[in-house]
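Below are two complexes that have subunit A in common, paired first with subunit B and then with subunit C.
And now, the complex of A and B:
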């Protein structure tokens, strides 16, 4: 009797590792959406990362195969619901000027192609680096006579998602030299600055420890090529600044504001760390 | 009508007779459970899709009853055997009395 129980326990012990394997990320998977759009999820690191990392890896490769497969079919990808909604917004006139996005920009497929891949980008008129979200709000307040959208609001996130979809498959290629360099340097400084009671910088997790677990979380490189991202944990789209805020908060620090100059600089720097990876349109993560 | 409700269906346009096809459906809906409270402490009234059906040429394929624990944007994936060419009618029933319908036509060949 006793022997029987023991052998049952032994059988359980033997089988346990196999259960664990089923939950693990498929690190060698290829990301092909709808069986036709092939996305680059591993690329040689850009020159400015020499000595830090050799290869840049999309967060998609750090997720479980179930989560991975959600992104491989647009019907299964819950983020596409929001893209559809933004498509309706695109053609809807708002504000005192009675204009919609489409009245000036025409078809989003043509006018916004490639935009997401090069933003944040130096804006000559404004004399500063601007994000896609800031450009959307500039259009709304200056040209449409409408109220600015909340920087990380649902309406903003889905409009960013729609714009991002028009660059899906293109390599991220933000400029870090020229007039943008100063902002980029600041972003780099922020990336390596330890914050909060836990005294952790972005780099502590996403450069030094990616691939390891922090409690139950499998740390990725913190790439933002897949943003806006549909997060299964809150069933909605998350923007880069929303995510930055969450990360900084988790170091138990007072966070920078979403849309603040500091986060714009950080977004430029983090985006540049993913130069060479594909824009994923709307990604799915846990 | 609840805001932002949009039914979506992915079904093959053609199939062989007797073929088993996979059908995916999703309806964007907030699925408010009726358990939550707003900022002032008032209960937010329940508003969910409580039933989903699929019929093929008048024959029922699937009939699903839903309850408040179903999360936002309910997604159903199921298989159906195609006996002949015809119309597949998908129907969602909302708590507020609205009924959303989508039809997909399947040809043989």
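And now, the complex of A and C:
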């Protein structure tokens, strides 16, 4: 209570226009891709966020209009090259079994439709929550006789991008109850844990301060509905765990491993904070 | 010969005395509101150096979260904390020392880092490497750097 009040006062004190704003965001823009696919970038917060935030907002709305426009046309979106590459991967046989993804799954447009929107998801056979990346690697190692891809490697990121595109425009809808609940609770705990010498949690930046600048960065809600994202900063696709790692490191903490149980739990929780937002396929961020 | 010896002894004693003046992070004494009465070094702060620390990313990086009109020349002031204009009129030296060294003693649960804390962290890292660090970590700011920042903040008075 006391903290809330102080922060509210601090927030009132800070809204002044005199400082050069590094990153002018267009918060009222609508995201329509190729003039036809309408994406939901603001949605009422899911019930589990009651008391935390009222509205969930895509990171797209926090970016400059130039960055925003790159995502509005697939010809301008630099991430689409990687989707094309992954389409080639999809049909290419690899591993000792001589099989391609297509051999079992057929057309990606049919078999992977809606998959991204509900992951991370409880996997009955494995008896644990699995990410899309883990499923891809399970198919490679257990069904194709191929090596696992590096969890945040370029080859993994682009396959995630291809699969994510098959859910573009669908609402994120990950399950947080039933067998997934325990993992979700752990992810929530991690989200609010203040790590490192700077003693900051995800919530400090992405719940308490979204909309504020921290140095030159305009803070968003840290949503993952847009992942994988093409980042202009390094001209590559970034996966959720790649981003989490950078954010934890920036608290001067020892990060968790990409693909670790902790980051899988965190991914499920962060995904659930975006339930209701559209899957963006491949988004563009700075 | 003899004289030299005495001088050496004296020099050692002085150095020893200066070191003894530094209050270690674990020995800092607070009042009930989180203020720190005693200087961390016994050496007066240098406001010019304090100003430099405030705008330097690898040092205080204070403007990452605070706007300060007097520091307008430095790029990218953040909006996470309050504007620091006039802060030298709002707080006295002991209070400012408390806020910079251990902000969470004055503001429970604050997002402002404790610049003089060296242990008791969750997953302490080795700087920004993402690798594990070993406690006690070096503080974010050294004792004299904190004194310098406090000296600078005291110059930020209401007109």
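Please note the rule applied: the second predicted complex is superposed on the first by the 263 of 286 C-alpha atoms of A that agree within 3 Å, B and C clash if a C-alpha of one lies under 4 Å from a C-alpha of the other, contacts with A are read in each partner's own complex, and residues count from 1 in each chain.
To be clear about the criterion, a contact is a pair of C-beta atoms (placed from the backbone, for glycine too) under 8 Å apart; a residue touches a chain by one contact, two chains touch by 3 or more.
If you're wondering where the values come from, they're calculated on a predicted model, not measured in any experiment.
Student: I'd like to know which partner A:47 touches here: subunit B for first, subunit C for second, both or neither.
Tutor: Neither subunit B nor subunit C is touched by A:47.
Student: Between subunit B (first) and subunit C (second), which does A:254 come into contact with in this model arrangement: first, second, both, or neither?
Tutor: In the superposed model, A:254 contacts subunit C only, not subunit B.
Student: Just to be sure I read the superposition right, which of the two partners does A:209 touch: subunit B = first, subunit C = second, or both, or neither?
Tutor: Second partner only.
Student: Once the structures are superposed on A, label A:245 by its partner contacts, choosing first (subunit B), second (subunit C), both or neither.
Tutor: A:245 sits against subunit C, while subunit B stays out of touch.
Student: Please name the chain, subunit B or subunit C, that touches the greater number of residues in subunit A.
Tutor: Of subunit B and subunit C, C contacts more residues of subunit A.
Student: Classify the contacts of A:198 with the two partner chains as first (subunit B alone), second (subunit C alone), both, or neither.
Tutor: The answer is second: A:198 touches subunit C but not subunit B.
Student: Using the superposition on chain A as set up above, list the residues of subunit A that contact both subunit B and subunit C.
Tutor: On subunit A, no residue contacts both subunit B in one structure and subunit C in the other.
Student: Which residues of subunit A touch subunit C in their complex?
Tutor: Answer in residue numbers: 2-3, 6, 9-10, 13-16, 18-20, 22, 193-200, 204, 208-209, 212-216, 245, 248-255.
Student: Which residues of subunit A touch subunit B once you look at their complex with the stated criterion?
Tutor: 75-76, 78, 81, 84-85, 235
Student: For subunit C, which residues count as touching subunit A in their complex?
Tutor: Answer in residue numbers: 57, 61, 63-65, 67, 69, 72, 75-83, 104, 107-111, 113-114, 117, 121-133, 137, 140.
Student: Using the touch definition up top, name the residues of subunit B that touch subunit A in the complex.
Tutor: 4, 6, 8, 10, 24, 26, 28, 71-73, 75
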